[in-house]
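To keep things clear, I will list the structure first and then write my remarks on it.
The letters A, B, C and D name the chains in turn, as written, and every chain counts its residues from 1.
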Amino acid sequence: MGTGRIEAFSDGVIAVIITIMVLDLKAPSDASWTTLLQTGPGLAIYLLSFVVVGIFWMNHHHALHAARAPEPPLMWSNLAVLFALSLIPFVTAYVASAHGSPLPVACYAVTLALSSLSFTLLNGVIAAQHPAGDIVRVQYRRFIWKGTVVVGCYLLAVPLAYVNVAIAYTIFVVIPILYVLPDRATVDER
Amino acid sequence: MGTGRIEAFSDGVIAVIITIMVLDLKAPSDASWTTLLQTGPGLAIYLLSFVVVGIFWMNHHHALHAARAPEPPLMWSNLAVLFALSLIPFVTAYVASAHGSPLPVACYAVTLALSSLSFTLLNGVIAAQHPAGDIVRVQYRRFIWKGTVVVGCYLLAVPLAYVNVAIAYTIFVVIPILYVLPDRATVDER
Amino acid sequence: MGTGRIEAFSDGVIAVIITIMVLDLKAPSDASWTTLLQTGPGLAIYLLSFVVVGIFWMNHHHALHAARAPEPPLMWSNLAVLFALSLIPFVTAYVASAHGSPLPVACYAVTLALSSLSFTLLNGVIAAQHPAGDIVRVQYRRFIWKGTVVVGCYLLAVPLAYVNVAIAYTIFVVIPILYVLPDRATVDER
Amino acid sequence: MGTGRIEAFSDGVIAVIITIMVLDLKAPSDASWTTLLQTGPGLAIYLLSFVVVGIFWMNHHHALHAARAPEPPLMWSNLAVLFALSLIPFVTAYVASAHGSPLPVACYAVTLALSSLSFTLLNGVIAAQHPAGDIVRVQYRRFIWKGTVVVGCYLLAVPLAYVNVAIAYTIFVVIPILYVLPDRATVDER
């Protein structure tokens, strides 16, 4: 019994998460430009969340391929990742409804920190499934290190949101870009 | 024709169930701490339901692997499991909107009892697909026994919710923990 | 290239259809028995729709296994089935919100007639993919005949809903039962 | 590692997109013919969007089969397609709520233009994965040309919606028909 069904289930959950966020984008109440433009910030944060969840999906794609067995620690850390990701539509709607205020932005930062933390845990479980010295183990230990830095950055965004919301938004935009680059590095290695 | 497509369909349904619950977590109406804290109990019951559905999914994962043929009794008992599970988002929203009142908590208990009952039925169908003396049959008969006790505990939570809601909540939290432990026992056996 | 991905996509769509219906079951606004009992008819019609969609899924399961090639007629008749099924959550919510009135019940009947009609079309496409005299072709011609009768019964429920809503409801409950029985006949044949 | 999981994930996302649109079709508030008929335009635009997303799914089906490797450009252009498609439920609800006004219709046109543009990009990535002279590359270069024309037509619908909304609607209905015909041509070639 391989990790195929965990992949299928996770794909299903992530597919629903990434798509239901659009349900919180309410259609403008009338056909004027004024009300349409009010959906702009909501659309921007939706795009950001879509990209973030998309990157998590791609990394998850690689992670489960490196996993060896569907043992309980893998199942549970994977479930923790899915739970943390499932909160993203909630905080996305929160930021969209009250953008500019620091509290929703801080909640968004905490949720992304939780998602990265649980994903780092999942990477740790996968690393532990390989013998010491194995190339996958070495690679995943680097991912764990990187993930820990990302968690720290997201947590840093919490107080910074109270200084200036724009700083927190900048962190939210920069991290996905950085998260993608090392992935490309992994591809180069092969 | 194997049980592959039943698995795929069930995975899809359970993935949707586990994710749409978050749609009932409405974003706070303003950016104050007071309204944010009001979502706390809703978040807690969502976490509980997420874990419960997650455990059902893991057990379902094992159950369908033990199933032999996609015969009508398997299809129907599986559909009963999916129907009972699909009511969990409904009762989760009910408990979240009126937490502290015994009636929603009792409905939550009845829904979990129904889910466990239908899952026990599914286990019974799987046990019957194997010849007497087969190890899978012996194992699934134990699952049936365990499932019956769990149904009883959930039904017991109904009157206990009227004594004190906290007792019912305790049962909801303890059963998933107990449900996980025997699963680990199964893994040890292999 | 087989019909595997049509199956996967259809499974996904049907899984979403069967599950999102529960989103229209709004949690009672307070914790009293009176408001809880008001969700009773909505729950009953949800159960009926769940079973109807579940049966369509099972028959779809068999139909796509009998299909030979993912040609345009198969793709389009399959898409028609999915479209008709996707209206079931809409009419389910309509009946639930205004049960007892003949118009919603008539709309429910028309939607089920459309679903059966498009499914009969799909069966026709599958029958045409097999040479004359082939056992699958013979079997699917019988399904087409049966499907046509079912469409007629659902259309008959439209005027009967205006005579007495209970007659229409009876048709809705009896047809799924009849639809299941011949399936069992098919199993016996094998 | 093939493109199988990208297919599975994309199927999941498209399945959710095509189905959640029906959630924006609110059940009529009472059981009168007047309120039922008011859902007519919403139902018509839902049918159109369902067919459009269905065609995108079919073309996606062919595209991913022609793809060679799940490299970052494929992953990202695919994610762009999914993002653009995920906005279709939003603009469908917008057109349904304020049909007849040019602004929602123009937004619908822009969203379809974005979807076709990102899909053309995906086709370009696939064409680039094949060596010059390869039949798939030739075929996909033709798709890119066709896609560019379609993007142009959708963009043309934006100003035309302000001339007369009916012209834009005509474009929305005609393009899917034209998009299907060349697909049939591809089938003939094989």
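Please note the rule applied: a residue touches a chain if its C-beta (ideal position, glycine included) is under 8 Å from a C-beta of that chain, and two chains touch if they have at least 3 such contacts.
Being a predicted model, the structure only gives us computed values, none of them experimental.
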| item | value |
| --- | --- |
| Per Cα centroids, the chain farthest from subunit B | D |
| Chain copies touching (subunit C, subunit D) - same or different residues, decided at half shared | different |
| Rotation in the CA alignment of subunit B with subunit C, degrees, nearest 5 | 90 |
| Inter-centroid spacing, subunit D versus subunit A (mean Cα positions, whole Å) | 26 |
| Centre distance in Å when subunit A and subunit C are each reduced to the mean of their C-alpha atoms | 37 |
| Per-residue multi-chain contacts in subunit B, two or more chains | 8, 12, 15-16, 20, 23 |
| In the complex, subunit D residues that touch subunit A | 1, 5, 8-9, 12-13, 15-17, 20, 23-24, 71-72, 75, 79, 82-83, 86-87, 89-91, 93-94, 96-98, 101-104, 107 |
| Contacting residues of subunit C [partner subunit B, same complex] | 7-8, 11-12, 14-16, 18-20, 22-23, 25-33, 36, 47, 50-51, 54, 57-58, 61, 65, 180, 183-184, 187 |
